[in-house]
Amino acid sequence: MENKLTHFNGQGNAVMADITDKETTERMAIAKGSIKVNDKVLNHIKNGKVEKGDVLSVARIAGIMAVKRTSDLIPLCHPLMITKSTVDFEIDEAGSRIKVCCTAKVTGRTGVEMEALTGTAVALLTIYDMCKAIDKNMEITGVYLAEKTGGKSGRYVRN
Amino acid sequence: MENKLTHFNGQGNAVMADITDKETTERMAIAKGSIKVNDKVLNHIKNGKVEKGDVLSVARIAGIMAVKRTSDLIPLCHPLMITKSTVDFEIDEAGSRIKVCCTAKVTGRTGVEMEALTGTAVALLTIYDMCKAIDKNMEITGVYLAEKTGGKSGRYVRN
Amino acid sequence: MENKLTHFNGQGNAVMADITDKETTERMAIAKGSIKVNDKVLNHIKNGKVEKGDVLSVARIAGIMAVKRTSDLIPLCHPLMITKSTVDFEIDEAGSRIKVCCTAKVTGRTGVEMEALTGTAVALLTIYDMCKAIDKNMEITGVYLAEKTGGKSGRYVRN
Amino acid sequence: MENKLTHFNGQGNAVMADITDKETTERMAIAKGSIKVNDKVLNHIKNGKVEKGDVLSVARIAGIMAVKRTSDLIPLCHPLMITKSTVDFEIDEAGSRIKVCCTAKVTGRTGVEMEALTGTAVALLTIYDMCKAIDKNMEITGVYLAEKTGGKSGRYVRN
Amino acid sequence: MENKLTHFNGQGNAVMADITDKETTERMAIAKGSIKVNDKVLNHIKNGKVEKGDVLSVARIAGIMAVKRTSDLIPLCHPLMITKSTVDFEIDEAGSRIKVCCTAKVTGRTGVEMEALTGTAVALLTIYDMCKAIDKNMEITGVYLAEKTGGKSGRYVRN
Amino acid sequence: MENKLTHFNGQGNAVMADITDKETTERMAIAKGSIKVNDKVLNHIKNGKVEKGDVLSVARIAGIMAVKRTSDLIPLCHPLMITKSTVDFEIDEAGSRIKVCCTAKVTGRTGVEMEALTGTAVALLTIYDMCKAIDKNMEITGVYLAEKTGGKSGRYVRN
């Protein structure tokens, strides 16, 4: 059966699940998330975009580096040789938030959703860090897996 | 003035801000966050709590370890000798979510809100990882700084 | 000849040995080890097992994470994409010790005995850390490779 | 009372214990351990000592680097700014083993026994790694805290 | 006598030198270095500066993060709680090179020259990585300590 | 076209380039570099070579370990399962410098020049660290890619 917890063995103890016999296929994942910010932050980031003091370019690098460090942070994640990663941002002025979209790709035996989610979370935390001097009430929200392809379970798209 | 971005210099370039002259005081921060899960996950975690196969104890360890690795993940964070860290969980059945609360403490020159937030985020990502086989639609949400003490700006409590 | 030191070149200088031409096969290793503890520790761990305050579940996570970090700790170890890892414990009351058994698996060009041994050692060190307040005389002992399969040299079982 | 487990809170959950109020004093620890090896390894290491291909100098560096990474490996260990570390070896021909002695020192709020023990264990694992091609039956044994000074509990010497 | 090698003990074995008794003072270091590049790279970086695709902002983040990881890379370096770090660039068109200047600051028991030098080296390596597709003949050159203050030996300025 | 910057996307934002479809081939790179030192350092290192207190064996280990950590340091580098690495030294008395040569090898989808260059840089930084007590004016210089094979662009030899 597909949907049982693979991170525990028969005795209920945590294990790094055996993926030795899973097929090596091209796998991709896209995760998304946002951070709610005040107008000051929003303005700073907008201006930073076209001019100087670019919060988002620092957050992008932090996100991509975190993608590579996922298996070092999440205890039962398998190490994977990531073959691509991107982090993109959208400034949602109406919603007073910055949206993050992180992708990861691999040719491997297991999926990369944790990598995409970790990259998203760390990019958001980096925005928080860089803007916390001008907004103490920011909130990271709506971090989820948007899409996933490859592997036995096929394509998943969140609706 | 207090509320300018300290992570950029006069030319708008990212810097690790100079905290050499800030006072060494006891500082504490509490961050919170949640993950929305389906009933299957909720049941598994509840049972794991009293019996075996404990998702939350793995997530707790991941969160505490991430607290210690914050300055390695967030590019402009200062390294800090954390003197205490806890990660606690609450199962919110009505709200179909697991709540995380992470604290960090230090005697140092700058605050530990990023440590508490990073511990919260990584604990939530770990729950995600361990339960993703039985719920592909989980969502991490409401990650924020709940409280912060110490340093020049004094006590902050989110309302 | 099989049994020469591969971690040195002709001049006697340390090298990370060339495994480029070794065959990619499924490889597995099992390592074991123990920690001698006093009765107080033994009781605490036994109770923790069925109730709360679980030393062993923390040590298990530490061991699995260390398996993944082996090539970062052991200077001439090759990085490997571990495909499985488990850490199990046995409480040996008669012998006043906790036994650890760590397995690692990979599909790769070199064996995973160092990964299994490192996971064992770090799990034991973690038990030490968590119990040192109630026993200052613990001793880690008998850490060895129990079994190894895959690769040119075939199956090895310690007798 | 001194001797309760500090790595768990009242609910039995793992925590990084609060050391904020502990005194900052000079603290030192010495750990020891051995690896049993066959004659081939013993000869190789003896010759390496005076000539070339020096197993022990690689193991020494690995041990010192591991001392610095202790809080990254042992989940509930506090990060500490180590102020000194040494790793020394003794070739015990009669006992067919290599003995390791690792020291660590800090001016801090908690002891450095885990650092000394981790340095010892990683130095021994490195010897294992470098010699495993000529001896598959090595065994790491007798890893313990030999001495510890500083802090409220004063000087400890293992008898 | 001041100028003996502190990274070896009486037996000539490598040690992490004992700095326990050194004074805790404010210490600062500035390191510099360059990378020789072709005109294509020079143009790309100039344009990136005012517009988009900013090589230097990625290299700056890499340098600052490397400053924090120095004691993890350089075997006998002491860990230090860096209190400030900056990485700046100068485009030297006449000399066909990009110049890097990295500063580090700490209140601690030993100097931060290795941190400043490591930040410089990693910033230069990052420029190399990002531009290697358009110039295979780049060369990193002239990496040195420009200035150093604090500690017993006082101020040093390279002439 | 071959020679465009692969580390930026169409919008000029940094990305970890997609190498999923690149061919898995055997790839090798050799990087070189030097450090200019005074006579005292030169003599120390020469003597260390034949006797004890060996600076170069520490630098060799640091270089090989850095090769494995390249993708963790250089933001947009892909992780790679390195299959071989060596670091060699030459004492150039006439030129008052120590020369470093680092090689890296992989069977993978992208080249290992960054690994060889990072190993070279960290080996040189380690020599600097170990000798800085007896020479404050050392300079790292001439770090470049000497040779590279494998992949679509074929063999490159610097002239």
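As written, the chains take the letters A, B, C, D, E and F, and residue 1 is the first residue of each chain.
Quick note on the criterion: contacts are C-beta pairs under 8 Å (C-beta built on N, C-alpha and C of every residue); 3 or more make two chains touch, one makes a residue touch a chain.
Please read these numbers as outputs of a predicted model, since none were measured by experiment.
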Centroid-based (C-alpha) most distant chain relative to subunit A: D
Chain of greatest Cα-centre distance to subunit B: F
Intercentroid distance (Cα basis), subunit E paired with subunit B, Å: 31
Rounded Å distance, subunit A centre to subunit D centre (Cα mean): 37
Where subunit C touches two or more other chains, by residue: 13-14, 54, 57-58, 61-62, 65, 69, 75-76, 81
Overall pattern in which the protein chains touch one another (line/ring/star/complete/other): other
In the complex, subunit C residues that touch subunit F: 9, 13-20, 71-72, 75-76, 78-81, 108-109
Subunit B contact footprint on subunit E (complex, rising order): 26, 57, 60-61, 64-65, 67-69, 81-86, 88, 105-107
Footprint of subunit C on subunit B - complex, ascending: 54, 57-58, 61-62, 65
Subunit C to subunit D touching residues, read off their complex: 2-8, 11-14, 33, 40, 44, 48, 51-54, 58, 61-62, 65-66, 69, 73-77, 113-114, 117-118, 121-122, 124-126, 128-134, 136-145, 148, 156, 158
